[in-house]
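Two complexes are shown next, each including chain A; its partner changes from chain B in the first to chain C in the second.
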Partner chain A sequence: MQQSIPESLKISPFMAAFVVVSMQIGIGVLGFQRIISKDAGYDAWMSVIGAGLAVHIIVWMMYKICEGVDGDVMAANIFVFGKTIGNSINTLFIIYFTMTCLTLLSGLIEVIRTWMFLSMHPIFFASVYLLLGIYIVNGGFRTVVGISLFGIVVPAYLLFSFLAPIRYGDFTNLLPIFDHTPVQMLKGAYNMTLTYLGYGVLLFIYPFIKKPKESKKWVHIGLTATMIFYTLLAVITFAYFPISLLQKSIWATLEMWKIVKLPFIERFEYLGLANWALIILPNVAISLWVASRVAKRVYHISQRKAVLFIAAVVLICVLMLDSRERINIFHDLQAKAGFILAFIYTPFLYILLLIKKKVNAK
Partner chain B sequence: MKVTRILLTLLMCCLLLVGCNPRYERKVIDDINIATGMGIDKSGDQLKGSIMIPVFKADKSMENFLFTAKGTIMRDVAAQMQQKASQPIFSGSMDVALFEEVVAREGIVQVLDVFLRDPSVGARVHLAVVDGKAQEIFEGNYGDRGNAQYLKDLIEHNMEGGNLPLTNLHSFLFNFYQQGKDPYLPYLKQESPELVNITGIAIFKDEKVIDILHENKMFYFKLLVDKFSMGQVKVKEEHGEATVKSITSDTNMKLTKRKPYEITVQIKLKGLLTEHEGTRLEKNEVKDIEKELEKQINKTCLKLLEDFQKQKVDPIGVGHFVKTKTRNFNFEKWQTDYQDVTFKVSTNVRILEVGVVE
Partner chain C sequence: MVRDMSIFFRRRRRQKEQDDKEQKKQPSSKGNAEKDKDKNKDDEKANKHAEEWEKELSKSTDYQKKDYINRKTGKKFIFTFIPTLVEEKVLDNNALPPLLEEEFLKIIDVKKLLPIADVEVSSDTKKIAQKLLDGYVLLTLEEDTREFAFFSAKKTVVRSVTSPEIEFSVIGPKEAFVESIGDNLNMVRTRLPVKELIIEEYTVGKLSRTKVAVIYIDGITNKEIINTVKQRIDDIVKDEIADSSYFTQLIADNGNSPFPQLLDSERPDRVASSLAEGKVAIIVDGSPHALIGPTSLTEFFNAFEDYFLNWILATFIRMIRLFAVVFSIMITPLYVAVVTHHYELIPKDLLVTLVASRRVVPFPPVLEALFLEVTIELLREAGARLPTKVGQTIGIVGGIVIGTASVEAGLTSNVLLIFIALSALASFTTPVYQMSNTIRLLRFPFLFMAEIWGILGMTIAFSFLIAHLLRLTSLGLPYMEPVFPLRLHDFKDALFRLPFSSQSKRPTFLRTGDSSRFSKDKAKKKKDIDE
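Presenting the complex of A and B:
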C-alpha cells in the first residue's frame, strides 16, 4: 500500500508546473528545428502546436490515473496488474529514467565538446555534474523542486537573445502555409513530441503535491508556456535559416546565437552554452530522483544508496557514448521509449484502470 | 561521518581544479594570435591565404602582422600558417574575409564550408570581393585602430547609412541556400595604401561571381533587396541637381498575373532633401524633384531587374517570392518561367524635409 507523504515534504501546487516545464526543456531545444522540418518543411510550426495540444490530453490522462488510485503510477500499476507484473513494469521506469539522465548528460557533454572544449574528457565533467545531482537528490524532493525553479528563472534571460536573429530573418520563408500533406505534418508532430517529453515525471511527483487538484491549472499553464516558447523559437528559426541550411545545422538554436552582438562578449554562444549547464541540472536531478525513488519503492532499499548506484551506471555509460553516431542511436532509442511511455502506455493504463474500477465496483 | 565529509570535499576540490589544467585549452589572450582578417587570393593554380593579426605595442599603438601560405584547400593553408606562428592562431574574433575576384569567379563555397563547420567563427563576419589582391588590402595601413577594424567599420557604416545593402556571412549563406535567391557581396578596391573604397556589388550566380554592379546603381539595388534602407541619391531636374537622402523605404512585390508571370514592385520612399543646386527652392520644386526621382527609380530598378533576368541571376529573390505565393512550387520549371516574367515598378517618393533653409 502507498505510504502517505508527510505534509512538510510536499510542494505547493504552483511549483508542480516548474518541475514539469524544467523537465521538458532540456537538450532537445538546441536542435529540434532540423528534425521537425525534415518531413513537414516550414509548415512544422503547426506540428509544434498540434503536438503541444496532444501533450495536454496525455497530461489530463496522467492526472486521471493518479486521481484514480490516489497515488503515483507505481501504485496504479500494482492496482491494475497485480504485484508481480506491476513491479516488473515499475522496474522499467528505473531503466527509463536512468536513460533519460544519460541522454541529457551525454547531449550536454557532446555540445560542450563540439563548441567549447574539444579535448575535455567526459569523465571529469560527468562526475562533477553527477556529484552535484546526487547532492541535490540527497537534499530531498523539495530541494530538487527548488533547483527546478532555479533552472528556469535564472536562465530565463536567454529568451531575449532570440530577438537578435529576427532582424536577419525573412518571415516569408513560412509561406505558403499548408504546403505539405497532413501525413507529413503528422510526422513532424511525431518528431516534435520527443522534444516535449518530460511531463511523464508528473506520474511520480503526484503524491508530493499539496492539493493536487489545484496543481492541474498550473501544470496546464506551464505546458502552454512551453508550447508557445517552442512555437516562437521554431518560427524565428525558420525565418532565420533557409530550409537547406537548416538541414545542415545540428544545433540550430546555438547557431542562431552566432549573430548576437554584445559589447562585452564577442561570442554569445559561450555564455548561452554555459547557462545551458544550469538548465540541464534540474533535468538530471529530477531523473535521478525519480529513478531512485522507484528503486526505493520497488526494492525497499534506501534512496541514498539507490541514487549512488544509478549515478555510477550513468557515469559508466557516458564514457561509452563517445561519438556522434553512438549518441544519435542512443538518443533515438530514448526518444522512442519516451514516445511509447507517453502516447501508448499512458492511455493504455488509463483505460485498464477504468475497466478495473468498473469491475471492482460490481 | 566527519571523515567522509572531508573526503568528499577533497574530491570535489580535485575535480574542480581539473579546470585549471592547461591541457583543457585555456586560452590566455596574451598568448594567442587573434585572427581579425582573412584573405584568399589565387596564386598559380593554388590558393594563397593570408591571415591578419593585430600586434599591440607597449606605447598603445598597434600594427598589423600578416601570415601567408599556399595550398589547395583551406584547412591545409591554415595548418601551414600555424607552422609559421609562434603562438596559435584563433579565428573566434574574425571581422572580415576578403576574396580576390578571380577566386570568387571560380566559386567560394568550398572556402565557406570551413566557416560553416567551425563553431568558433561568428555569423557576423563581413565577406567582400576584392578588385586586386586581398593580401594587398591587408598590407595597407588604415588608421590607428587597425586594419580589420577599419574594414569592418567601413562596411558597417555604409550598410547603416549608405548605399550598401546588409551583408555578412549569415546573409550570404542565407541567400546562397535559399532557393530562388542568389547572394551578393560588397566589392572593394584599394585606392591608395591608406584608403579602401566600396566600388560596387558583386553579384553571384550560385557560388560564383558573374557580374559586378557599378556603384551608381547601388542605391537602387539596396532599395530592391533591403527592407528598410537609408541611402543617398542624386536627382537631375530642370533647375539643376539635387540630392535626396532616403530615411525609410518599403519595397513590396505583388504578383499581378500568372502565365506568364507579371510582377509589380511597389517602392515607397520617404526622404529629405540634402542638397539643391540653384538659388531658391521654387514653390512646386519639391514636387518636381519627387516626380523626377520617382521616374528615375522606376527606370533604373526596372533596368536592374531585367538585367538580372537576362543574366539568369536572382539576387532580389523573385523566385522565392513567387514560391511564397504558390503551393507545390516547382523550381526547375521556374528556371524557364523566370525568363518570361514581366516586371513593373511603381514608386512613391515623399520628401518630408528640405533642411533648415528655405
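Presenting the complex of A and C:
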C-alpha cells in the first residue's frame, strides 16, 4: 500500500516505547496537578489511573488500525475514505502536529520566562531550539528516536528529586477517598487525558518498527510506566500542597522542587527546568518529524523542505503567542483537538476500517 | 649518462627500422603481415613511451646507467637504476659477482644466475619507469635490447621498533608500529598467525603512490564493512597521502565533524585484538599509526591497558576517565553559568567563597574564563610545537608563573584557576589523542551557551552535541552504540570492562560472521566446594 521502509532505518520494538513515552511526558508534567484537581479534588489520582487505562484501549485500537492496513494512519485514511478525503484528513494531521510543536515550545518558553529569564526574548530561544529540532529531524528517524531515548534517560535522575517532598507531605490530605461524584471524577479524567496525549505518534511510526507485534508489549509497559509516574506524582503533590494552595499553583511540580536541598545546589528547580529543555526536545523533534513526514507523503515534497517550512511557521506563531491569555486559549484548543483525535476519531476510524474490510471481503 | 640512454634508444630504433625493411622485402601471408603491423604499431608506441620516461628521469641527477663487461663472453651489460632508491650492497655483493664471472648469453639466463628472489624478465617498456621508481634495477644486454630484466634492490630507510609513546602502558607489550608497511604487517601477522587473516593492498594517490593495506579476518569480519572500506579507498582522489590521519579524514562518514570516526592506534597488539573482534584495520605505508574501524564513541575512552588489568580495576579506571571527560567539558561553563546567571543555584556558604575570590576581578566571568582557557590552550600548543626539553620549561613557566601572577594581579579568581587547571588535567586522561583534541574544542561552545542562557544554554549545547553524535556513523555503523541503538550486551566492553569470561561474544553491532569467541560454558565452569 505504501513504499516499504528499508530495514536499516527501522527501530527495534523496544525503542518504540521510548518514542511514545517521551512524547507523553512534556510540558504537562510541570503543572497538571492543578488542572486535574479542579473538578475531582484530591480524588483526582483515581482519575489519573482511569484515564491511563483508557489510553491503553486507544493504543490497542491504534495498533489494530495499523495492522489492518499494514501501514500508518495515512494509508488507513486513504483506504477507508478514498484518496481525496483521506488526504484532506491527513493534511489536518500536519496542522495538528505543527500545533503540538507550537504548544510545547511556547509552553517551555513561558516557563523559562516565568522562572528563569524574565527578560528573555522568545525569538532567539525559539530559533535556536527549532534549529536544534531541524538538525535532529534531518538526521532521520533514527536520530529522532535516539533523542527520545536521551530525553528520557538523561533527565531520569529527576525522579529522585520527587522523593524530597514526601518527607514534608501530609498524606491524610487524600482522605476521605471517593469524596467526589463520578461525573466530577470523569471530568478529572478528561483533563488528565490531555496530559497523557502524545501516544498518537504510534499511528505514524508504526511502519518504522521492526517487529510491530513485539513492540505492543513494550509500548503498553511504557504506557503503564507513565501512568504510574503520573499517579505517584499526583499523590505526592496532593500530600505536599493543601488544596487551596494547589489551586493557585500553576507549576506545582516546579514549586515542589524548591524543597529539594543538596549540599551543592540550593534552588533545584533551576536544574530541573534546564533539564526540561532536554525533555521537551524529543517532543518538538517528533512532532516536527511527523508533520513533515505527512507533508511529504501527501504533497510529495522533500521532507527537508517541509521541516524548514513547518519550523518557520512555528517560529512566527511563537512570536504571536506573547501573553498568558493567548497561550492558554491556544493550549486549550490544541488539547481539544488532541482529545478529539484520540477518543473520537481513532475509534471511528477503527470501526469504519472493520466495516470496509468486511465489505471488501464480500 | 643522458647521452648513453639516448644512444641506447637510437640503436633500438635503428634495429627496428631494419626489421621493418626486412619485412617489406619478404611479405608473408596476409594475416601474419597484419599482425606484424599491429605489433610494429605497439612497438612504436612503447618506444615513444620509453623515450618519454627516459627524458623525464634523466632530468634528475640521481639517475644512473652503468656498463659492465662479462669476463667469460666479453659481452657488455648495462644497469639502469636510481641510486638514491637502491641499496648499493645488493649490487656489489649479490648482483655483480655472478653477472661478471658466470657465462650467460640471453637475458633469461639472468634469472638462474642472480641470488635475488625478486627477478623479473619482461619486454614491456611501459613498466620501466615505475619499476625504477620502486627501487628496481634494470638490466639490459647491449646486443638485444628488446628484453630486459628487473631485480629488486630497494633501499628502505626505517627506524627500528620503539615503545609506544602516545598509547603508553605500564604493563603489556612495548612494541609500536614504525613507518614501514612491511614491518607493520609483520607485527600484526605474527600476532594472528591464521590463514583467515587477509591482507589486501591498494595504491592510493597519483603522486605519493602510497601503499595501503586493508586487514581483516575472513569469516569473522562482516563483508559489508569490508566492502565499505574498499569502496571508500577506491573513491579517494587526493594526489598525495602523507599519513594515516589523511585517511581518517578522507574516508570518514562525515568530514564536517570534530569527532574522529576511525580509531588510530600505534599498538600492534591493539590492532590484532580489534581484528579478532571483527573489525577492519587499515595500515598506510609511511605512517606509524594503524586505523581501526568501525568504532564507537566509547572506544575512544578505552585504553588498551584496561585489558592488562584486573576487570574491577579496569572498570573503575574507565569510570574515572568518563567522569574526567564530563568534568573537563562542563566545569568552566558551569562556573560561568552560575556566576553570571544563577547565583541562587548554589548554597550561601559556597557563594561566599566564590564571591570573595572574584571580588577584585574586573571582568565578567566569561572573559575571565576565556582568558584562562586560552592561556591553557596556548601553553598546550606551545608545549606541542617546541622540542621536548624546552616544552617542559614552558609548562612550568606557564602553569606556575602565569597562573599565580594572574590571580595576584586580580585578573582571574583563584577558584576558576583551580577549575581550569583541573579540567585541563582531566582532558589528558583521554587515551586517544585525536579525541582529547576534540574535547579541548568542545568546551568553547558550552562556554558561550553558558554565557547566554546559563545552565539552560548548557542543556541546549548538550542537546546539540547528542544530536550530532546520534547522526554520526563509523563506516556506516552507529557511532553511539551501545547506548543508541541500545545493545545491553555490548556494554560489557564499553563503559565497563567485564571479566574475560563474560566476553565470549563479539560486539553485536559489528554483525560478525562468527559471533562466538569461545565457549561460554567452559569459561564459566566452576568447581564445587572441596572438590
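By definition in this document, the second predicted complex is superposed on the first by the 361 of 362 C-alpha atoms of A that agree within 3 Å, B and C clash if a C-alpha of one lies under 4 Å from a C-alpha of the other, contacts with A are read in each partner's own complex, and residues count from 1 in each chain.
Basically, a contact is a pair of C-beta atoms (placed from the backbone, for glycine too) under 8 Å apart; a residue touches a chain by one contact, two chains touch by 3 or more.
Quick caveat, the model's predicted, so the values are computed rather than measured.
*Asks:* Between chain B and chain C, whom does A:Asp179 touch in the aligned arrangement: first, second, both, or neither?
*Replies:* Touch status of A:Asp179: first partner only.
*Asks:* After the superposition on A, what does A:Lys336 contact: first (chain B), second (chain C), both or neither?
*Replies:* neither
*Asks:* May I ask you to decide whether A:Glu266 touches chain B, chain C, both, or neither, giving the answer as first, second, both or neither?
*Replies:* It touches chain B and chain C both.
*Asks:* Now for A:Lys217: first (chain B), second (chain C), both, or neither, which partner does it touch?
*Replies:* A:Lys217 sits against neither chain B nor chain C.
*Asks:* In the superposed arrangement, which partner chain does A:Leu278 touch: chain B (first), chain C (second), both, or neither?
*Replies:* In the superposition, A:Leu278 touches chain C alone.
*Asks:* What is the contact status of A:Ser127 with respect to chain B (first) and chain C (second): first, second, both, or neither?
*Replies:* first
*Asks:* Based on the superposed arrangement, let me know which partner A:Ser119 touches: chain B (first), chain C (second), both, or neither?
*Replies:* first
*Asks:* So in the superposed three-chain picture, is A:Arg142 touching just chain B, just chain C, both, or none of them (first/second/both/neither)?
*Replies:* The second partner, chain C, only.
*Asks:* Shared contact residues on chain A for chain B and chain C?
*Replies:* 117, 120, 128, 266-267
*Asks:* Quick check: in the complex, which residue numbers of chain A touch chain C?
*Replies:* Those residues of chain A that touch chain C are 11-12, 14-15, 112, 116-117, 120, 125, 128-129, 132, 135-136, 138-140, 142-143, 145-147, 149-150, 263-267, 270-271, 273-275, 277-278, 281.
*Asks:* Quick check on the complex: what are the chain B residues that touch chain A?
*Replies:* Within the complex, chain B contacts chain A at residues 11-12, 15-16, 18, 23-25, 92-93, 116, 119-120, 122-124, 170-171, 173-174, 177-179, 181, 320-321, 323-328.
*Asks:* Mind pulling up the chain C residues that touch chain A in the complex?
*Replies:* Result: residues 341-342, 344-348, 350, 453-456, 458-460, 462-464, 466-468, 470-471, 478, 480, 483-486 of chain C touch chain A.
*Asks:* Within the complex, which stretch of chain A touches chain B?
*Replies:* For chain A paired with chain B, touching residues are 114-115, 117-120, 124, 127-128, 131, 168, 170, 172-173, 175-176, 178-179, 240-245, 248, 254-255, 258-259, 261, 266-267, 269.
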